[in-house]
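One chain, chain A, appears in both complexes that follow, with chain B as partner in the first and chain C in the second.
For the complex of A and B:
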């Protein structure tokens, strides 16, 4: 029915061990990203969005271990790759842009040189072309006075400018998949819109598949093609953006959508339904939202529903959803 | 400062910043004093030997143990050699020792510390235990042991003192590296596809060097004290080489007999040099602490 996914995460479990306690921070997470699409992941803080990105890049901190699952890319399981093979994937196949763009740049190196280094790593160009290529990439991501800005150090750039530089570095890598981890944290609203526009533009131009991690549902509705909703390390629902907004299946998604204030609707925020902190949810065997869920059944606490793998148009991990269909 | 041409005004701002740095360092008068004294020594190192008519090592039997005169401003020693000339030539040797020791231990220590701090694991544990053992010895005693094992040459003195101070830089750089490798630009450098060694040495290590640079000035001062101390004890640099420690040791026998100029001037040279390096080191630390605020 559809093309093969370019990146497929299957039953990925990741856990944090500290002082003898083990906490599963990603619980059997499955995701597919298809070529030429923008896939969004939304969820509140601590729901494991960033961990998903880091696990894919092989950048998990030492205290956090992958305990099961696969991350397939071009028929290879990234979790089984050696350090050297993983290096050939990073950048050239899967690149990442980070939250807090200024923190993601080397403070002692001029930004032009940093882009030029990425060009050197990933493009087959003569040595003299590295720097001019870097400058032209800076122009491409919409930096005015690219020649001058290339000589600036990261602390001399504004946050939005720094994020554009990161996008330029990503462009220099020419990846097939781009992971954007909350790329606009700490930027003001107008700059946020510009950055998302830039990412969308580059996606259309280069055909790169984008995994966009955010907690902003408004952004999701504008930029993404499909979206996965996460809660406490579990995927609750995956669907096309229009379906998520018009016909949410999972109780958590419904509650999440209720929390948005919309200009075109008179909403009455029901604070009695406010969720308790996410950290309380990690010890449940089954659906981690069950203890907060108004429709939960005893089964919910013990086991999550098994969903056939090929049903990727609209997946809802909830018992309540399936009898209806 | 305001010009119509945007680029020109930017350059003006840069110049303005340069003045700002100078003006800020004026708030640290002791730091400036240290810098001035070190510059004074460097001038002597560069031009001193060509300005003195005497030879530092050829004896002169006509005027031995002579008090300061217009001809011999600092007097002469028991072989009739001009003490001013010997102090000048000695400053060349001692400054050379100070700077090479500081440079060698800085390069070696921060490389080891950077690599060990980045990779961690068993390598880190082994190296840090070795460093702990070296710290257990006072660095002067360690330098003494190494010099007497290697033999008395200038080169061996440098090796010995540099070895004794390398652990300081290992510890400092490793500590910085442990925090820096967790920062986001470390992850970003890896995620672009850089191999580990390049992330560690090209992207992270330069960011971990600031405290070591302060340490480097302090170690320069300590190295002068150690080299002179070793020579005073008869280790490392030996007579007739013109060296401050050698000269103080020759003068020490004259303290009771009243020829004060033989030991006073080389001693003052040691004190002043060590003092200046310490002032600069402390000043740099203060300036950097204020920058961070």
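For the complex of A and C:
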């Protein structure tokens, strides 16, 4: 391909052990993220999208263990880093914004001070400039009356405003990669549109690579350049956004696209093709979608296809549609 | 035909100690038998409060609610309870609305018993099958069910007494795309088979588009546009409706969007102006917008509270 990926997840496997049972939550996940792009991960709940983000940030809960794979960043495998080294990567090189922004902010500190703190930790400025820089970042993320708002506490801000504050903190850190995990859940649709505009603007200004996790295919269509489709901890398909919509390869992707409801069209609400909940799929070998798949062959239940050409633009992890160029 | 439900000049204000929150400011609506009506708007617009007032879960500050011409405020609590077999609700979060100590069977038996209806096993089996669940789900507890299954139990409970009218408050927001389709297909079918009328409250316009015959758009406690789904979604005339629709991401890269941006955020409802609530944010604001805005009737029930409705100020594409 053209450039080198800035972040490369390779064969990542992660499992949860509870009550003597081990459940593989992520199964040999491989993904590349390039600079200057918005890479989406789309999937239903239980698909493992958030786990992927947490694994990348080294923020997996204690009950969840990495059982294999690598996450390459700047020549180092993040999974092998010590806690101390990972702390210097987290935030300053790879930053993350979450759902529920108000919960991510310190409730006891004014937001201006929180941003100023990020400036102090990540930028090389004299002390007197921390706070003015914080206010300037608030203006950059489109917060009206930045000076006034800087004195507010998180609970005094709306959801949209709080998310902008998080983006300002992220900007203070000047990361190379931004992971945004469903950053607009619970926010009104008009505010959602503003937040995505903001993220795209920042990408244009700073060249940051964005990994955007969402369940909303509309968001994928309008905000992302490329997208990976996940199901039950496995990647089913990776392609440029136009390809995924116009020429989907994987049976799961096709079924997912059929279940979309659009505001500009009436659907016939065909439930014959509708998907079943994910939970049962975790305990199988091979492709986790096979049990629901109309195109499944015996091989599917035993092993997933290996795609030799790692640099292929459109990758479909399926024996029937393999490989697509 | 008489409307099943008539809401007249509904106002609801809350006093939060310091300020008055003007949640609902003059809503008028009618729902006819067998109709699916959507009530949409973003957070803070007053749609849930409107629903709660209609169900008499809140006492209106002003205005009247009529069900079959009966003024609900005149009924005692006991009489209101008696109405519940005509008039039901499905809540947003099944985790909060299903009793965790009741099996599905008990949850469904309760309304039937309370209204003196048949609650035999056979009847319950038929009921769960209606919502595409299995008889084997009857002995289960809520924690043994998935989100989608719980939501379907909530719907089964609401339709158990074959009500004429069901209020659904964001019943699909917490569900995955694939489950949403199941629930909507079910609701559409029930509407046809049982001639059920719905008031479907949601911020998810794609869902409302696919279920409702008519829709009312709310902003700051007022209905700013109403009409058939087709008219409101295909030919929105209020700036707010246009902005709202233009902000919804469409899962189709070939569709070119023309976004209408509203400045800033929705103001708090502590003070309401007599004029249009959108005045402070509207890119097309003019002086007339500060005065009370009448509904402009565009025909076929399409009414818009905007001075620019029906004009060529916005050319569609």
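Quick note on the criterion: the second predicted complex is superposed on the first by the 312 of 325 C-alpha atoms of A that agree within 3 Å, B and C clash if a C-alpha of one lies under 4 Å from a C-alpha of the other, contacts with A are read in each partner's own complex, and residues count from 1 in each chain.
The criterion applied here is as follows: a residue touches a chain if its C-beta (ideal position, glycine included) is under 8 Å from a C-beta of that chain, and two chains touch if they have at least 3 such contacts.
Worth saying up front: this structure is predicted, and the values here are computed from it rather than measured.
Enquirer: In the superposed model on chain A, is it clash or fit for chain B and chain C?
Expert: Overlaying the two complexes on chain A (C-alpha atoms) leaves chain C and chain B fitting together cleanly.
Enquirer: Once the structures are superposed on A, label A:190 by its partner contacts, choosing first (chain B), second (chain C), both or neither.
Expert: In the superposed model, A:190 contacts chain C only, not chain B.
Enquirer: Examine A:245 and indicate which partner it touches, taking first as chain B and second as chain C; both and neither are also allowed.
Expert: A:245 contacts chain C only, not chain B.
Enquirer: With both complexes superposed on chain A, which partner does A:44 reach: first (chain B), second (chain C), both or neither?
Expert: second
Enquirer: Tell me the contact category for A:259 with respect to chain B and chain C: first, second, both or neither.
Expert: second
Enquirer: Touch test for A:221: chain B only (first), chain C only (second), both, or neither?
Expert: A:221 contacts chain C only, not chain B.
Enquirer: Per the overlay, which chain contacts more chain A residues, chain B or chain C?
Expert: C
Enquirer: Now for A:28: first (chain B), second (chain C), both, or neither, which partner does it touch?
Expert: In the superposed model, A:28 contacts neither chain B nor chain C.
Enquirer: Using C-alpha centres only, what angle sits at chain A with arms pointing to chain B and chain C? Round to the nearest 10 degrees.
Expert: 80
Enquirer: Considering only the touch criterion stated at the top, classify A:108 as touching first (chain B), second (chain C), both, or neither.
Expert: first
Enquirer: Once the two structures sit on chain A together, report how near the CA atoms of chain B get to those of chain C, whole Å.
Expert: It comes out at 7 Å between the closest C-alpha atoms.
Enquirer: Both chain B and chain C touch chain A; at which residues?
Expert: The overlap between the chain B and chain C interfaces on chain A is empty, containing no residue.
Enquirer: Can you check the complex and tell me which residues of chain A touch chain B?
Expert: Contact set of chain A toward chain B: 54, 57, 59, 61-62, 83, 87-92, 95-96, 98-100, 103-109, 117-118, 121-122, 148, 166, 169, 173.
Enquirer: Could you please specify the touching residues of chain A with respect to chain C in the complex?
Expert: Chain A reaches chain C through residues 44-45, 144, 158, 160-161, 188-194, 196, 215-223, 241-242, 245-246, 255-257, 259-267, 269-271, 274-277, 279.
Enquirer: Quick one: which bits of chain B touch chain A in the complex? Just the residue numbers, please.
Expert: So the residues of chain B in touch with chain A come to 7, 10, 120, 182-185, 187-196, 203, 206-207.
Enquirer: For chain C, which residues count as touching chain A in their complex?
Expert: Per the stated touch rule, the residues are 42-43, 146, 148, 176-182, 184-185, 188, 203, 205-207, 209-210, 233, 243-255, 257, 259, 261-262, 264-266.
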